[in-house]
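Pasting a structure below so you can have a look.
The letters A, B, C, D, E and F name the chains in turn, as written, and every chain counts its residues from 1.
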Amino acid sequence: MYELGVVYRNIQRADASVAEKLATFGSATVHEAMGRVGLMKTYMRPIYAGAQVSGTAVTVLMQPGDNWMLHVVAEQIKPGDIVVAAITTDNTDGFFGDLLATSFQARGARGLVIDAGCRDIRDLTEMGFPVWSRAISSKGTIKSTLGSVNIPVICAAQIIHPGDVIVADDDGVCVVRNAEATQVAEAAAKRAEMEEGKRKRLASGELGMDIYKFRETLAEMGLKYI
Amino acid sequence: MYELGVVYRNIQRADASVAEKLATFGSATVHEAMGRVGLMKTYMRPIYAGAQVSGTAVTVLMQPGDNWMLHVVAEQIKPGDIVVAAITTDNTDGFFGDLLATSFQARGARGLVIDAGCRDIRDLTEMGFPVWSRAISSKGTIKSTLGSVNIPVICAAQIIHPGDVIVADDDGVCVVRNAEATQVAEAAAKRAEMEEGKRKRLASGELGMDIYKFRETLAEMGLKYI
Amino acid sequence: MYELGVVYRNIQRADASVAEKLATFGSATVHEAMGRVGLMKTYMRPIYAGAQVSGTAVTVLMQPGDNWMLHVVAEQIKPGDIVVAAITTDNTDGFFGDLLATSFQARGARGLVIDAGCRDIRDLTEMGFPVWSRAISSKGTIKSTLGSVNIPVICAAQIIHPGDVIVADDDGVCVVRNAEATQVAEAAAKRAEMEEGKRKRLASGELGMDIYKFRETLAEMGLKYI
Amino acid sequence: MYELGVVYRNIQRADASVAEKLATFGSATVHEAMGRVGLMKTYMRPIYAGAQVSGTAVTVLMQPGDNWMLHVVAEQIKPGDIVVAAITTDNTDGFFGDLLATSFQARGARGLVIDAGCRDIRDLTEMGFPVWSRAISSKGTIKSTLGSVNIPVICAAQIIHPGDVIVADDDGVCVVRNAEATQVAEAAAKRAEMEEGKRKRLASGELGMDIYKFRETLAEMGLKYI
Amino acid sequence: MYELGVVYRNIQRADASVAEKLATFGSATVHEAMGRVGLMKTYMRPIYAGAQVSGTAVTVLMQPGDNWMLHVVAEQIKPGDIVVAAITTDNTDGFFGDLLATSFQARGARGLVIDAGCRDIRDLTEMGFPVWSRAISSKGTIKSTLGSVNIPVICAAQIIHPGDVIVADDDGVCVVRNAEATQVAEAAAKRAEMEEGKRKRLASGELGMDIYKFRETLAEMGLKYI
Amino acid sequence: MYELGVVYRNIQRADASVAEKLATFGSATVHEAMGRVGLMKTYMRPIYAGAQVSGTAVTVLMQPGDNWMLHVVAEQIKPGDIVVAAITTDNTDGFFGDLLATSFQARGARGLVIDAGCRDIRDLTEMGFPVWSRAISSKGTIKSTLGSVNIPVICAAQIIHPGDVIVADDDGVCVVRNAEATQVAEAAAKRAEMEEGKRKRLASGELGMDIYKFRETLAEMGLKYI
């Protein structure tokens, strides 16, 4: 049950260096490092290809068709943040465009994750301000109802607490709990390193069947070669 | 109720200079200038990123899986037109490809908006002929049933009259009534100018909260800071 | 009814030169040359724009959330193959990423067609390893249940037999039966040649109405010009 | 482009007896009688099975998440009307429930067609007040923005003018222009009568192949029996 | 690759008594008895609740918006058959209604499975002629292009050969290969019997944890109780 | 980030009498009483019409295609509970059927809310065991991976803590926090009582325009009558 009409100003952000570092691993490796959890729904897509960012979440909850709270959340942004915007019901209107992006960027935000629509795609691409959204839509919004800033929100089927770390790239969006960020970064680093070794062996033509020693288990389970 | 089997040759096109100028504002600004109306459904997507065009609508209605009328409409195209194609039922077949695009482009068309599928994406991208469609599909069509050309059609939930102005970009597709095009262009210009000033202030770090004087209203409505 | 737990090693691949040549025509022309059949559903999309490939199918069937068999199929890949992966139920998890792509590429595969999700999009784009998938997802998979390799599979509503030819590009994915590949290549070549002549005439402003002699038939069917 | 903030009180309703009679034919026969046009999208579904109604349209346009105008339209309802509600953007919130249904029913409305969500399904079923909607949702709405009443609206991809006839049943929703209602009723009656004769012959085991004399045409077109 | 324009008259139907008996087990038990395969996509839904049938497949392939071949297939129906209709592309038009149902029923068909739309729902419900379809739509179709009858077709992602057994109920639609029907019926009977015993024990309050002896395995795998 | 492989046995259930009473108000009224929040996505639909229940949540998290944990959760059910099942990724397989329903019912469960598929619809309907699910599917599942029981889960975009109250009916599914259940029940009772008075006045023909005194506000906002 959401608390409406409140703005929390003092939130506990995850460690800045850890929050920034997680981007280097990407959403897939990070979610694996957490035990294959933490991913938003696959309908969340980047508005342009190639962006890969991570940062600390400031959250905002809005009602359908009303983007007023995006101006309220702008004031709460600190450098290194990623804004996570949730709506109380399914809505694809264009809540966010180049003016708000200019403001967010000026405040130091690294991107926006919004469970609604986004517009001014060409401008945002030129500005290099990445957005992950459920839709692209020119549809404008109004400014007449209250929502909240920096409460826990559900966005694309994940719960995000203010200060959590968001990792977003071409593959999707992943959420890392603040308290687990350091540990996840270490696990992700190990995983990435291990994968690097595997990549070389696979590139040389060696098979995963041999590298991972799958043959025996598969035979035991009854796999037949004909 | 559609009139079938007719081609209207003499249509009233919106003023050419106005029709062309609207592209500079983009679909989002234009739809705002009209009072937040006139947008096609968000499932209409450009086949490649970056195109931003406007022009006068010539319309065509077809039955599912039958693209015959696209050849009929080709003859009605004048330079500066955008073809708007509607189908009598949901269908994603590839009604349009590089051959028809070659013909449309030779006739002076600036693009196609089609509530069905499109194919030959790579060729169309190289030709620089933009299409907004509901799907991409190799599925070919037949040529056996009549439709109509230059009747009012419903395309992606908007009604388009021949001669209306179409504004299409990465954000979507917007329709401007012929009779209102000049007035909308003026309103859009004002809006764009106003936004330009806002953009500079926001880029300097000033907040929308202060520029738009939201603080007092929000406080009155009960927004609490904690 | 699928046969589970088997790997067929000796499959009859379509003629390599024919299989390679079909890419030059693209999926739309090839499917037309077959009588407008053979296309996978339009939800199968390339992970990046511009790839156009063809090759012989090696097939793999998997259970939802389990990508183990992709390692098994890797061993069966020969240069010029395209892997076609089917799942026994709808699933969008990220079965395939850069490690498996490295292995597939090392074995000579030209691409992957998978009725599930794909991840590591940025890496795959840089590697130039094209994938057609129903979703993009960071969600990892497990390795615990058997499937099969090189049995006939249903992928995106087409049945694919091992050794069939796959043609995939920005427009979609088309399947050509092994036994018909040569004949289809000839028909496609004729069609492409014929289209080339049409393209020139259309580019010069000539109308399809005249080139295809549609006027008389349309008049007989009752098309009225007003 | 919608006109916002207006209520048209004097609309030209289609002839009451014709409007009522069309229900007896059903949406499928009526749309056939009009030349296979006039159907709303198939996502419009009845909230319970078995209702089959027709009546004159009073229309209402609303913004997403705001059902205020349903109270405004209630006052414009006359016995025999069906309310047609459109929203300016895709929205599935529950705009309509048992209280409004009580009011609509007291005013003589025969049903509601709404391109949004509906709630209180059990109550509406018990009241026998049929609704065709795009979704079922408990989500409540607010009362804060103006829309319009009795302007032409686009609902589920059809344009509806106030006073048009709506025919709705388990198969979907069909719109008949006011000016054409009498003629359509006659065509539908003929069609229904003709079908009655066919039904008897088919029930006795006679084949459509013989009744409609399809054999010769099919043979000419090349259908082969093996 | 579909063969177009042919009707196969002599097909090998599965044993009639087996084909009829499979209905008693239902689609879920039958698909389990086959190793969890053979199910059509879940978008195939019955037009009314409660029907549970099985029978031998006669198949038909049609082009979008054209139901001509349903009259051709009617002649090939024998008592105990279920018609399986596939379309060459995604299409939701209403291919089938009460007239064709009257004919199919008179010929002895037990139902229809169609990867397209169906209409006249109320009549079909009263007639007790069950249909599983992907959509309900009043949209009529034409009769102008050839398809085929009794060729193997892909319907809702399953391949169906003429003479295979179809099992359809509220849960969905399952396909059983002709050659495996007897064996599957035996396996399903065993499974049903076994389930009956389980049902009694579960109804008495005994837990599946104990009946299936899950506790030890779960503990070994590390499940912790807190 | 989900905790995997754990079963919490001692959870704080909401007061039983409150939990039971909330059903009488229905999901729409309850969610209004909470400030228009707490609703699951509208894709969650009842498997049969007319059920209206409420109870305390016991939760379960599962991996796609694996229903093992439903047996584990069965043991944790107490009379008056409703099981809430979440899956770590989108999956429509039939996790739940008549055997598990028999067990759940024997343990005193009032229903199941599952963000996946359900089967044995006819049996469940006859048993009167209501299920709200995202799909109906015969597809069986395996029993091989651990999940968790009675951890907080995200189901259809709501977070549910064990012991929260679930209210489910034909309109959808609503979640009430344990700590707020009593207060919400009171607010809902007041709202229901207030609505009862309104219903009578509306049934007598009085307009909401007058009952709620909308006329003046609408006039001030500029609504024009023509």
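Following the convention adopted for this analysis, a contact is a pair of C-beta atoms (placed from the backbone, for glycine too) under 8 Å apart; a residue touches a chain by one contact, two chains touch by 3 or more.
On a predicted model such as this, the values are computed, not experimentally measured, just so you know.
Chains that touch both chain C and chain D are the following: A, B, E, F. Number of steps on the shortest path from chain B to chain F, with steps defined by chain touch: 2. Taken over every residue number at the interface, the positions common to chain A and chain B amount to under half, indicating a different-residue contact. For this pair, chain D with chain F, the centres built from the Cα atoms lie 31 Å apart.
Mean C-alpha positions place chain B and chain E at a centre distance of 42 Å.
Counting only residues that touch two or more partner chains, chain F has 36, 39, 42, 88-90, 92, 137, 139. This structure has the following touching chain pairs: A-B, A-C, A-D, A-F, B-C, B-D, B-E, C-E, C-F, D-E, D-F, E-F. Residues of chain B touching chain C in their complex: 5-9, 48, 68, 71-72, 74-75, 92, 94, 97-100, 102-103, 105-107, 117, 119-122, 125, 135-140, 143, 146.
Looking at the complex, you find that chain A touches chain D at residues 63-65, 88-93, 137, 139, 142, 144-145.
Across the interface of their complex, chain F is touched by residues 26-28, 31-32, 36, 39, 42, 45, 49-50, 52, 169-172, 174, 195, 198-199, 202-205, 207-209, 212, 214, 218, 221-226 of chain E. Across the complex, chain A meets chain F through its residues 1-2, 4, 34-39, 41-42, 88-90, 154, 157-159, 175-177, 180.
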